[in-house]
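Each of the two complexes below includes chain A, the first together with chain B, the second together with chain C.
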Partner chain A sequence: MSNYRTLAIVLVLGVSSSAVAHEPVFSLGPETIWEGGVGIETKFEFEDARGDQLSALHYEIIYGVTSDLSLTFELPQILELEEDGETEHGLGDIEFRAKYQFFKKDLLGAQHKVSGIFGVKAPTGDDDAVPALSTGTTDFLLGVSYGYESRSWYQFLTVRYRLRTERGDLDPGDRLFIDAAIGFRPWQREYTEWDLVALLEMNVELEFDSEFRSTTLPNVGGNTVWLGPTILFSPNPQWMFKGGVQLSVYEDLNGDQEHSEFRAVFAIEFHF
Partner chain B sequence: MIHSNKSFFTCFVLTLVLSPLVAQAQVKQVSLRVDGLACPFCAYGLEKKVAKLEGYTANTYTVKINEGVVSFDWRRDKPLDLKAVETAVDKAGFTLRGVTGRFAGTLEKREDQYVLRLLAPFDQRFVLQELSKTGAGDPRPKSAPALETPTNRLRERLERMSANGNAVEIVGRVHPRPDAQGADSIEVRELKVLEPPAQSAGRFVFEVKGLRCGGCVAKVVQALGSLVEVLHVQGDAEASRVVIWTESESPDLAALEQKVASLGFDVRRLGAADERSTRGAGE
Partner chain C sequence: MKLVHSLLVVALSAGFIAEPGPAAVEQVSVRVDGVACPFCAYNIEKRVKTLEGVEREAQIVTSLENGTATFPWKPGVAFDPAAVRKAIREAGFTPRDLTVTVTGVIEVSSDRDAQTMLELVDEDAKLTVLVTPGARADQRASWDQMRALGLLQAAKLRVRVEGEVRADSADRPWSLILHTWAPLEYGAHVIVEIDDLACERCSTRMMQALTELAGVIHVEADHEADRVHIWTRDETPDLRMFRERIETLGFKVTHVHIDGR
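Let's turn to the complex of A and B:
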């Protein structure tokens, strides 16, 4: 049973993503920052997924090596992780990501972009805590993201694959994320004015089978579809406030698992 | 590579109309047509990069996102470096489609070309191009009405203004030099005689003996116009007079006279009584 718990924690800690600018907040987009630019973001995340609850803050810093290549460092601080009445808090697993924009087409008031994403998550959280604050594994993230951003409309499509390494006798299943979002800007504001964009995000999350001592675990893994709105509000060109809520609208989970309910993200981003 | 765009000049002219003119700088204002600008938050990076251009004048950055136009004032003592501008836009993550500027300088005729030499403490010249009616040179839609400045009329005006020798003001789109040897060029959109500033602290009239033609006037205008304290210069070969508008009430007049004298002219400042006795430039 403890293996299932570990898997559940991996699930909760593994879904985190972090957005830049007008990207979806539950996914990763193709956005990079300008050369020499620095962005910092603090994100509050709440998730009620498969019986476990998580509230966490994510501190993220992004740096533009070039206008096409951005590096991101993310440090999660678990405010409360609850499991079977037991709670824990502390620092989680740090993640380093690189995003390279290999295609861009600029139009008047619009951009098409495609970026490749590579990430590494290191097991820096407390693995011995109960519940554990770390997956205990070094995981890798590969992805590609397309985005269309215009004065009125937004479209995003991202595919991410999280490669999870073995931990002792446990071989957790990899995860595939297929994220889509559309959005619009109701008012076309000028440079120094406030700006608001509304997105509708849909995230398909597929988790492949996990094995313990080469035996497939029956009650782990499955597919979930999340859907919900996101608001991106920038009072001026340097600050952005983001918020999104999603409900689990479809689940096809292996064996006997508790169903996911909802998750929410609120974030503040500042760049300079 | 700077690309053409049809709505560029429409946007730019609107920008200029809505923007206050600054003092008699030589590259007065620069406007960039930038593709990829979709939101204020994303456009901030462009401001950061533009602000690092050597010629950027602080706190003059404006953006019209819907038109993809970024405008800012240019420092008087810095030449316009198209490559640096293009690099700045690229590093911000956008695509530069065109650069338009408002320039002040004197005209020179070289064979069949007219050259604008900026009134500046550095030597920067632009070959003037006529705004062609079709093809890449014309940024306007093909359905647009005929240009207000037909080619032949523009050449007549350039001829007249270069013969006069006085400073002109040109608004136009800047094209990079075709090779390392040539000069950048300006596709002329607007052309007019440079007017004296509406506000200046000092106005001084000099008699300059030896001014025989527009070329001589242009020499004097160039020499004095490149001085920081001088806002504007007008010369009149026929009246042998040069009028100078300055930033301060009491500029170093001896230095001004010395500047003219160094060109080989006899110069003498005229008092109010002398001014009334003759008619000439700047009246």
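Let's turn to the complex of A and C:
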């Protein structure tokens, strides 16, 4: 069953959670970029599951078609994927996402917004490697995200569904993500000044049963709840540094699987 | 009504009065809803700098506390409030009131206009009132004195403004502000076509009479087109009332309609 554990870890790479501006770093939020705006982000991701480890860099570029519609392209580079003593590295599965903000209510110093999210992940990574660097499938992402941002407080609620297509005889289970975050800005800053926002993120990840030749795999799938703090720091209006750590506070995994313990993200974003 | 303006009444003959051109906008301040953080406010700077009237090197001063973005406007470029609002929307926010610092001439046709103007023009603005023929010469007067002299009742004034003018969201009145005076908010724009409106003195009398009607905000006469423009508060004013009032003054009304309907 170790190959399925590998598969489960690799799929984490496909669960993109790159953020834009003040968004949770372990999820996707409703933020879009201004019309004609471009943002680039480099994100370092680390996850540990009792010895099995993943470290990866994600390169992301976002473009604002309009202020309501943003397109994102993400290229993951797996620095090291270790599983059962085997390690591998290389490019992972690329992902393209579109985010459309279909509701927005602006107030003085505050904003409510809701966006729909659509994504496609292509199997560009090496799925013959051991461990595999790709799911070998084309997967789809559907989601909706609500966000409230004010000068003092932040609230986010996002629901994402990843539809995973079949790969030969393997029918991997779909995944459902329910993400919530609250945050606050301890010091209210003016334009051109540095700015700091702290978030507390909670992510519920549900993975449905996978099947191999119509037989349910016993050691794949299950539910995990992550919880941890995130810091968003912008030294000026063009740069933002983001970092977050999370612990697995609840797990209900099927069969015999290594338990996730810890994950962390550090990202740098620049927009122009 | 604010009466603390510094008013310099320069009474000139018609030959000495320069034709009023569009007022020159020197600075624009727009109130913006939805701006909560410095990182997001950068959107405004990027989009505002795409405007024709804003230099790429211009300093965009954004106040998160007040929810405003303030920037200089390039000399010689016509101010376009709709474009400013569009830029704010493209930045992902909602534009609200606009305030511009202007230097230029606007026309005041009635005391009602003058009152509205005083409400919109900042207290610190300098107003130079250029009085058209018929007004008394060499007068330095306060606004109250001018009213006492009847200048605001009878004469069409040209007021040079150097200071801030505020307005809210309607685009059309904004463009009118910067060329000639007109009401800022109205429900309907009524156009009355009259058979021969050549007599300016008569039309002035008619404009005064129409201005006194309930619900009328502003009246303007167009002699060349033989038309009278009436702006009303109601969206569906009683057109028959205008027709009857004008005909009692001896004019023949050929057609009355609401603009755009």
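Heads up, the rule we're going with is that the second predicted complex is superposed on the first by the 259 of 272 C-alpha atoms of A that agree within 3 Å, B and C clash if a C-alpha of one lies under 4 Å from a C-alpha of the other, contacts with A are read in each partner's own complex, and residues count from 1 in each chain.
As a convention for this text, contacts are C-beta pairs under 8 Å (C-beta built on N, C-alpha and C of every residue); 3 or more make two chains touch, one makes a residue touch a chain.
Since this is a predicted model, take the numbers as computed values, not measurements.
Asker: Mind checking the superposed model to see whether chain B and chain C fit together on chain A or clash?
Answerer: Superposition result for chain B and chain C: clash.
Asker: Using the touch definition from the top, say if A:Glu35 reaches chain B (first), chain C (second), both or neither.
Answerer: Both: A:Glu35 reaches chain B and chain C.
Asker: Once chain A of both complexes is superposed, is A:Pro237 in touch with chain B (first), chain C (second), both, or neither?
Answerer: The answer is both, since A:Pro237 touches chain B and chain C.
Asker: Figure out whether A:Glu166 sits in contact with chain B (first) or chain C (second), or with both, or with neither.
Answerer: Neither partner.
Asker: Output check: A:Glu261 vs chain B and chain C. Expected answer is one of first, second, both, neither. What do you get?
Answerer: So A:Glu261 meets neither chain B nor chain C here.
Asker: Just to be sure I read the superposition right, which of the two partners does A:Asp252 touch: chain B = first, chain C = second, or both, or neither?
Answerer: neither
Asker: In the overlay, answer first, second, both or neither for which of chain B and chain C A:Glu80 touches.
Answerer: Neither: A:Glu80 stays clear of chain B and chain C.
Asker: Based on the A-chain superposition described above, do chain B and chain C contact any of the same residues on chain A, and if so which?
Answerer: Touching chain B in the first complex and chain C in the second, residues 21-22, 32-37, 66-68, 104, 106-111, 149-151, 185, 188-193, 195, 197, 234, 236-238, 240, 271-272 of chain A appear in both lists.
Asker: Considering only the defined contacts, which chain B positions touch chain A in the complex?
Answerer: 5, 7, 35-49, 62-66, 68, 90-95
Asker: For chain C, which residues count as touching chain A in their complex?
Answerer: 33-43, 45-47, 50, 61-65, 67, 89-94
Asker: Under the definition above, what is the set of chain A residues touching chain C in their complex?
Answerer: The touching residues are 21-22, 32-37, 66-68, 104, 106-111, 149-151, 185, 188-193, 195, 197, 234, 236-238, 240, 271-272.
Asker: Mind pulling up the chain A residues that touch chain B in the complex?
Answerer: 21-22, 32-37, 64, 66-68, 104, 106-111, 149-151, 185, 188-193, 195, 197, 234, 236-238, 240, 271-272
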